[in-house]
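Could you have a look at this structure, given as structure tokens, before my questions?
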Amino acid sequence: MSRAGSHRASARRGGAAAVPGARQPSMMENVGGDPGDLVVEARDLSLRFGGVTSLDGVSLRQRRGEILAVIGPNGAGKTSLFNCLTGAYRPQEGSVTFWPQPGQSTELLGRRPHAITRLGVARTFQNIRLFPALSALENVQIGTEVRQKYGPLSVVLGLPHARRAERDGVRRAADLLDLVGLAHRTHEQAASLPYGEQRRLEIARALGTDPRLLLLDEPAAGTNPVEKRDLAALVTRIAATGVSVLLIEHDMGLVMSLATTVAVLNFGRMIAYGSPSEVQRDPAVIEAYLGADSGTGPGPGAGGAGNRRELG
Amino acid sequence: MTGPNVPGQPAPRSSTSTREGREGPGGPRRVRPSWHPAGLRSPARLRQLGVLVLLGLLAAVVTGPTGNSDHPLRAAWDSIADPRIVLFLVIAVVLWLIVALGGQLRTLAVRWTTPVREPVGAAYGRRGGPIALNLALLAVAIIAPMLFSTAAQQWMVDGVGIYALLALGLNVVVGYAGLLDLGYIAFFAIGAYTTAYFTSQTAMPWHAPFTLNPFFVFPIALLLAALAGVVLGAPTLRLRGDYLAIVTLGFGEIIHLLANNADGVTNGARGAFGVPHLSIHLLGIDYTWGIDPLPYYYLLLAIIVIVMIAFGRLERSRIGRSWAAIREDEIAAEATGVATLRLKLLAFAIGASVSGFAGVLFASKQFFNPQSFSLQASFFIVAVVIFGGMGSRLGVVVGAVVLQGLTFYLRDLVAPADRYIYFGAVIVTMMIFRPQGLVPSRRRRREIELSEAGVGAADALGAAPTGARP
Amino acid sequence: MGFFDQFWQLTIDGLMVGSLYAVIALGYTLVYGVLQLINFAHSEVFMLGSFGGLFAARALLPDGGVPGGFQSVYLVAVGLAVGALCGALAAFTLERVAYRPLRRRSAPRLAYLISAIGASLFAVNLAGKEFGRQNVDLPDLFHNDTVFTLFGADVSTQSLVIFAVAIAMLVGLDRLVAGTRLGQGIRAVAQDADTAVLMGVNVERIIIVTFVVGGLLAGAGGFLYAMTFNASYSMGFVPGVKAFTAAVLGGIGNVRGAMLGGLLLGLVESYGGYLFQASYKDVIAFLVLVAILMIRPSGLLGERLGRAA
Amino acid sequence: MGRRPILGAIALATAVTLSAAACGSSGDDTSSSGKKTITIGFQGVLSGDNQQLGLNALYGVKTAIAEVNADASYPFELKLVESDDAGSPDQGPTAAQKLIDNKKVVAVVGPMFSGATKASEPAYSQAGLLSVSPSATNPALTTLGFTSFYRVIAPDTVQGKAAADYLADVLKAKKVYSLDDKSEYGTGLSGALEPELKAKGIEVIHDGINPTKDYQSEATKIIAAKPDVLYYSGYYAELALLTKALKDKGFTGKIASGDGSNDPQYVAQAGATAAEGVYLTCPCGDANSDPKAAAFVESFKKVNNGAKPGTYSGEAYDATKALATVFKQLGDDVNRESVLKAFPGVNYAGITKTVSFESNGEVKGSNVYVYQVKNGAITVLGNIADLIKA
């Protein structure tokens, strides 16, 4: 399965024989039935842009604490799915339920992205989107201060609770920089960091918002093997703190070593769902990736130079 | 103008090298010091000469006689067919020689216009810049008016002070939140008319059943203007930069026209006469600000200092960082949980309230009519903010001092009718040389450098225009 | 006194002014489409074109009486041509002086705006100095009779000429953008300048051409404007703001949107001025704009020059 | 291609130009004869949209000064200091203060616009510096408690009443469309005109339109209302456009306007054909058509490079001449205090009127004349009071 990379042309050819949508509900039966331990559930998401269908009735469940990887060829709708979960896109049909705490459910659709983030869903971007002119610390601070309540008047008057909150935000941000191994970069401008560190800084910023669910969009894109290994360790550490991780990744080695569950998208539909080994054996997946000659994920740079406006 | 930089000395290469890289194919030629005569005959040099001669002719026309429409070209011709033209041509040629032969001038210009790159770490955490410098500036501001004529003092209040305050407010909108507001003067008008409503029974046909001291109107106007900002902003802030610009422009024009046309409410074009001066009657202190400009100046100075300190705190707080995040990448900011709309609205409201505050001050100082709230005034405040340096508190104040000072200086220097020719030329020249403004803020300067390099947007209005990167 | 008695007359008045707004609006929209920047000095391009056309036509105007027939056509044509040339020259100079150096320096967007305001101040006041600060009348170039009546409304030669020339220019530009190689280049740059460069489009040239085309239209439009409304050094500002509004109304960056926006704005002003106190017609025009933007945030026909054709 | 050096040169050139301009404007400080010099100030609209009105007045002042300086019977030379207020209240106090600061200035002609006047007069009153406005017509100005304000032009009320009489009694209008430009001057005039008309039982339709270029739909509106007379309260540039639009659309009623339109430029801008027959009321004797003032027109042209007198030129000239008369009477004792004290007693036969004042600063006994455009020239029909009796 690690050979099933992202060769565009062949992936599309393979998609012509896409699995009928009727199969999809059965995918979900693989998941243990009790909604009590779910962290997020998307049901029948359909997203269309003009005549182009980006998501076609996708459903997805993730258990709390699980690392779920979404894979699929380019243009399969992975990032669209992320954008629907985080409120950047508004799908025409479907619903997304999120459980910040067990037994405490919220509908995410129709909320603005910042509101969803505050509920506990944080994300990173495929093409890194840091605040380039801010320092590393400031970038993370934006995240750690998200739920702080003090207003402009307290700031201007320098009230004690505002100062305390500010100090608290800085401390937590510094801790997170430490966690992702960027403590030595604290006061450096985000744009001046090397690529791999920018990726980690983005994760730190997302963690700053104190999420229950963390969405990572191709975190390993454009990183070297050493950085990949560090990244895998980092994601495992994050998951160990009780944060559920939803991951888009092309690097199959990383996916197979990290993910507890894998979902496969192709042409806006989910064609497979299960443990890494199950998915690897799934005929539909093999068919979708058939002919894909052993690309091992996108080459370096595929993540960085994307169109900045794609989410706009 | 050229100072000690005599042509003929080789330029230190190192100081130019950072910029040369961006100059494209033309760059390397400039590095080679070309003061041997042959270099003067290159096409590029000859083109420079042509441009400079054209500029010389233009300068001759600008300073020449005034014409009329019966003989549209006569004035221009009279300016050129005049012995004076020799002076302008000589200046043009001398300039060309200096430019062509002297590397120093370029070096100087580059050194002056290239922002100093300091590491972020050095800048970070330094609160409000060196205190000594700020205190020195404050001392200058306190002493300065005493050295000037009363007319200049008057202008330091009406022109410089009020506009500095307005620019500080608009800076929150444009510089911090990255939103272009072309109708900012409307909030100023709201402040001024609120004052007239509450403090005088005679200024407007429409007035409060009671009379307040103008000091009590400050909080009212502050809130009303902020409210107006929210009312205007709530539906429109979803719009993208340029649409927001035109909607705010429309709003400003509507307020202006309403003030002018609603005779029965605002007294229309006749304006509001008779708003009392500020006065304090408290704890045995009885003081009234009068016609003399100085007391108003110091009051304004105090307010400006307070506002600068307050906005400095704001800028370094969670709120300021969120604004920076919105400016740099709105989508990422939203995804990081920044309530972008609410923060933009906050910027709008804060900016508006400062404008309303300034309106009270203005109304209590002197007579006003709707002319004070024209579209041009809005443009002018935007110009002050950009000219001084978006996002920099000191910058926008310096912008007000320089631009308004320039209008005052030109008042005596050239025919009043021609004043704005020079004014316009100075603005264009300034923008060519120093688009980041006179005193850009550190953060903005970094953003602009990054946007030059193609990373991030310099403002929420999107990246630099097409073709900006050679 | 009823509104409907005058409806058609007001419609004709509105269309005449609206077509002029549309012609000026095209300059804003073209530049915006290509550069994503509001060319605030476009109103002065319009003003200078207006003076150029007016002076040229007046210089050729024979003494005594209103010319007729072929001579009228010739005078109008000369006025339009000289106006267009002056406009193009002004736009070219503006681009070279106030914008290009900023592009070289990768200035932030707002710097362009301020540069434009400075250039505008310079041009307005220099024109005032050179041409005097009085309004200048252009004597009649043809007999301004009623050509025909439409539902009881008089259609004069003048409104007919203005409307016809304006529409011809609008259609011509639309064809230019939609159907020629040059137009293709403009659209390519508008859609994605970086890609256009890779495809071999000379972006600098396209930018200059865009300014020049906008200047040609504004200059010719300026001459048409001066035929009815006189010329003056400060004439540019108000129609400039209106035309910009029209461009946004139709969807800035969209050629057909600018036409639609201009005509619509003209009509709104005409009707609004009749129905309410005339001094509130600008208020009404802006309120309509705000209302439309609330409903359709990217203008009536949407943005993007690239999609215009 | 060495772009930056060019830019550097531009900056340098700008600086040089500015300094050159500075040299050019500061070279006028010479006294030619042995006569003593008296300095007067001029505060007016020297920039902005209404600049032409300011220039009209400024040229009038300059004409008077040139005449005085050339006239041996005046034992002094006049010198002028100009101060621009752009006609706006924002710049008024500074413009006034500039003249007040100049201790040589003993009297001021101006301010011109009522708005700038209201903003400036507190400073003049405090400084005890006489200011004589050639053009501020707001009736309230003399009631606001300014102690050094005088004007040589009648307030709007005088003209409004006379114009109403003329429309009613001479033109026999039954229905009048009163249009103002929403300016201080325009609303003041229409506000004085309309009650008078209504009192005479005439139907009045009121409308206001901010100065614009496009009067097409307004013309349609006016024609639809079928008035006998349209009275426009505003300035000539806009009236010219309005007249053109009305004539193009075949308006058959009469057109009338006030002193703001009584300017030869009106005919030039509207075109002689369109302007033909238009009535203009004015509380002034017009310099161009009044034979008594022919000499003024000649000397005006001579002093001002061939420019012709326009709206407010005559008033500014008269104000300056009246000041000169006072200076002459005062002899050696010319200072702010003495001028302010002596000026109310002046009696000077000017070209627009005899300049003498009521105690509140209003000019005495203003006659309102009516003019008509005939064959492309503004010609006087006579004093309205006389025309009504006839």
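Should a chain be cited, it is by its letter among A, B, C and D, assigned in written order, with residues numbered from 1 in that chain.
Everything that follows uses one rule, which is that contacts are C-beta pairs under 8 Å (C-beta built on N, C-alpha and C of every residue); 3 or more make two chains touch, one makes a residue touch a chain.
Just so we're on the same page, UniProt names per chain: C = Branched-chain amino acid ABC transporter permease.
Just so it is clear, the structure is predicted and the values come from calculations on it, not from any experiment.
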Checklist line | Neighbouring chains shared between subunit A and subunit B, ordered by label | finding: none
Next item on the list: With chain centres defined as mean CA positions, report which chain is farthest from subunit A.
Entry: D
Item checked: Inter-chain centre distance, subunit A versus subunit D - centres from mean C-alpha coordinates, in Å -> 73
Check: Between subunit B and subunit C, what is the gap in Å from one C-alpha centre to the other?
Finding: 29
Notebook entry, point to check: Roughly how far is subunit A from subunit C, going centre to centre by Cα mean, in whole Å?
Noted result: 49
Item checked: Distance between chain centroids, defined by C-alpha means - subunit B, subunit D (Å) -> 34
Notebook entry, point to check: Residue numbers in subunit D touching 2 or more other chains?
Noted result: 3, 7, 51, 55, 182, 208, 210
Check: Which residues belonging to subunit C are in contact with no fewer than two other chains?
Finding: 101, 104, 128, 133-134, 136, 277, 279, 282
Next item on the list: Scan subunit B for residues touching two or more other chains and write them down.
Entry: 62, 68, 257, 260-261, 417, 419-420, 425-426, 432
Check: Which chain pairs here would you call touching?
Finding: A-B, B-C, B-D, C-D
Note to self: Taking the touch rule as given, give the residues of subunit D at its contact with subunit B in the complex, in rising order.
What the structure shows: 1-18, 20-22, 24-25, 46-47, 51, 55, 82-84, 87-94, 97-98, 100-101, 114-115, 118-119, 122-123, 126, 138, 140, 144, 182-184, 186-188, 208, 210, 307
Checklist line | Touch list for subunit B against partner subunit D, complex | finding: 1-2, 23, 26, 29-30, 44-45, 47-48, 51-52, 55-56, 59, 62-63, 68, 87, 91-92, 95-96, 98-100, 105-106, 109-110, 149-151, 153-155, 158-159, 257, 260-261, 263, 268-271, 273-274, 291, 293, 366-369, 371-372, 408, 411-417, 419-420, 422, 425-426, 429, 432-433
Next item on the list: Spell out the residues on subunit B that touch subunit A in their complex, using ranges where they run on.
Entry: 119-121, 124-125, 310, 313-314, 317-319, 321-322, 324-325, 328-329, 331-341, 346, 350, 443, 446-447, 450, 453, 455-456
Notebook entry, point to check: What residues of subunit C sit close enough to touch subunit D in their complex?
Noted result: 1, 5-6, 9-10, 13-14, 16-17, 101, 104, 128, 133-137, 139-140, 144, 146, 154, 156, 158, 225, 228-230, 232, 234-235, 238-239, 269-271, 273-274, 277-279, 281-282
Item checked: Touching residues on subunit D, where the partner in the complex is subunit C -> 3, 7, 49, 51-52, 55, 182, 207-210, 212-214, 216-218, 220-221, 224-225, 237, 240-241, 244-245, 248-250, 265, 268-271
